[in-house]
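Comments concern the structure below.
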């Protein structure tokens, strides 16, 4: 693990909670790792596993998915559906050898700006420790098309 | 008197060819499937299987290959050609049907516009066919008027001699002679007879089938629907076929840079011919199966005077629902 | 043999009295160990029917072929218990009306074939509930256990090796009764989620996506695994996902025609130990 | 009609780079673009090979290529014009491209209209909806050398007034005294100030009743229009051999390799896209 390694992380977040939380972290001037690129979506229920695969396909070393706490969904139960889907998808990734450590899930509310900053820091640190996702990046390289992330 | 290549010398031959810069490729039994793949020593070969699961086509026309790379800059687009991997190679132990398949597709890739991806590989490959002494229930080269020891597409033909001791060598082309000149020290003069080639029973009357197919009245025969009723529309027959050549062109990348690829495609997919408007000229599975048969035995020979089938039988062998060209042509013969 | 003869008579009777318009069964294939699907519409065609332990293909996918059930006439079909489960799933997902399907159930142990009681999917619920308690042998597949013991890197290498052989012929998809989408996700190109090329990355993505779409829906009939021309052990990945939904949500796919699809439903107390 | 053109090019799938120099909307979702070659060698080759009726593969890197006709005539080969409806991935990307942007073009491929055989004859052009572009290419090829032809009649119909493409050129043709323009829209598609006919193309054609004597008909339109127009032409006494049409099928390579565009044994990309009605009638109808 080179000390220089800066992981590329894609975060898919729900606009009502986690994105607002990220906003709060920003307006509160909290400092957090700059490795995360945030993609805002209407609800965690909208976050298809295809997004996660696409992020990996484009060269992400890690993916973070985050939304409202159970019960707080703006659409009443989008995050409950998402939760089941993640659980299954996570098991699938695990089984195919994509370490679940690389795909993290979390609940962050609009009020949890500091939790957001902490989470980004800890996720970045975890993935930095895991190192680049060499196995997947090797596959991307073989396709001859660039990982543009 | 002919020359013999003894199998115990194969190791030396492989080494010799490799040191002369030829990649050596042959039938190999892998854990899950058999195919033509690179070999490093004589024992890597597996001449025991009737026919490798995957055809020789993929060494000339891979399932996916880059055609060009693009880079988009402001007010400028760079297009860089890909050329297929260069390098001479010898394919030792091709089956006659697989080698014929290559020759069948040559005119297609060469009419008017020459597909260099195919021809570069063709020009750099020496094909050494081994005549078959074994066949299975699905082999049907004889029905296609080919033989288990057909020299079509081959640069050298080898005929096995008894007890797997080796092969009688028949050099057919200059390219073959050149490759075998490299290993001439391992060839021995001998009068040992070759094993008889396997007798592959004729399964259908090709001429009768072709006549039936050429009759426009039969284009909309209900036969097509009946015969293809159980077809599930996958592409395992077309992808394993040594002569099926249809492909798709796909871009991978983004608006800045990426790559354009040529991928196998199959007439059995509904999307193959679907127009953007939603209109599909071949909207049913029966129409697609008819297209496959017609293309192989009517349209293709109409253009290139050769049937687009070399009788390997892979389509029937691998079909998940036990269909295939053999069954269809048998049924046509019996109509 | 007795089972086969008895069913042959039944099919003929049902066709003759008009209770079914067609029966989907098996007939001899091109070699002695092969069987091929048979569509029985006349009593002559019924004569070709074979039913033995080599009849393994799950035929239920044919039921959703275009137009077959649209006239609301009933269709008979030979099914093993897994096949009955797929009928239930297709019904639960509104792909067919289970009442339109007349089931000729059978199962085999060794070379012995025995008929199963029941003609409609709901009459098999007892049997299916038993299956849930004592799942198929494949559940304890040694290779599956071996993979589970590997670490992530080894597992990735294992699947990379397997998927590198994939030629994207989509035989797995076409053979699968659950893959009935008119337009598959790989065929949708706006946007192009999954690479259509069959390089290893594209293959990896394709197989992950298919496995995910089958999670909680696969009945382990083995059609995909048998159809694969390059012998990728697809059953393992689907089996693993079936185990996952069984352990995680107590969901055994295809128990009844009214069963809620596992990934289209939720419980407020679903486990979420993995969520930070 | 095929002319064998040996293209000395290493990679036959490599397109030419084109700059969009002009674009305008024809109808809702339908756009015309004028493209200029960036590489003079590509342009020279195009000028040498392009004849009216040929098609090309227009593309945007990263999205793919799409097949449509070259809508400009061979008499104006300084540029390429194409008209397309935004419907799929590639056409959407093309529609998003702005003036000055670069796109790709591969071609020209296929056969052509044998225009010199039309010399001295009366011409009847029949077109429907978005299918005017291929006809337009022939129309201009002929109008640019107007003296070589007899009477020119254009029958063009669309679903609604808004769906008519090349509105400016329609006006121009209408004003010309040496062109007889018959415009129509489907019943219900007319606007309050619509002065032309209302009715389907075949009906309007029969009303206009052009004489089949010494006349060549070029028809292009959706399959259903072609089907009924051919019947009308027969009624009017046209010989199938004097009726030309162009076929469109899905294509990927454009050069007879990828294996999808054939109708029966005919490869549309090489033996077409221009066929006489007699040739089309010999093709299996179920495969069209």
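Read from first to last, the chains carry the letters A, B, C and D; within each, the first residue is number 1.
The criterion applied here is as follows: contacts are C-beta pairs under 8 Å (C-beta built on N, C-alpha and C of every residue); 3 or more make two chains touch, one makes a residue touch a chain.
Quantities reported herein were computed from a predicted structural model and do not represent experimental measurements.
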item	value
Of B-C and A-B, pair with higher C-beta contact tally	B-C
Most central chain, judged by mean C-alpha position against the global CA mean	B
Gap in Å, rounded to a whole number, between the CA centres of chain B and chain A	46
Whole-Å separation of chain centres (CA-atom averages), chain A against chain C	34
Distance between chain centroids, defined by C-alpha means - chain A, chain D (Å)	50
Per-residue multi-chain contacts in chain B, two or more chains	248, 250, 252-254, 258
Residue list for chain C, restricted to those that touch at least two other chains	195, 197, 199, 202
Shared-contact residues (touching 2 or more other chains) in chain D	64, 88
Listing of all chain pairs that touch each other, if any do	A-B, A-C, B-C, B-D, C-D
Contacting residues of chain A [partner chain C, same complex]	49-50, 53-54, 57, 70-71, 77, 80-81, 83-100, 104-107, 119, 123, 135-136, 139-140, 142-143
Contact set on chain C toward chain A in their complex	147-148, 150, 152-160, 185, 193-195, 197, 199-202, 204-205, 207-209, 211-212, 215-216, 237, 240-241, 244-245, 248-249, 262-268, 270-272, 274-276
Residue numbers on chain D that touch chain C, as the complex places them	64, 88-89, 92
Residues on chain C engaged by chain B in the complex (per definition of touch)	29-31, 34-37, 39, 57, 61-62, 162, 165, 167-171, 173-175, 183, 187, 195-199, 202, 223, 226-227, 229-232
Interface residues, chain B side, partner chain C - complex	32-33, 53-54, 63-64, 137-138, 229-230, 232-236, 238-240, 248, 250, 252, 261, 263-264, 266, 269, 271, 316, 318, 320-324, 326-327
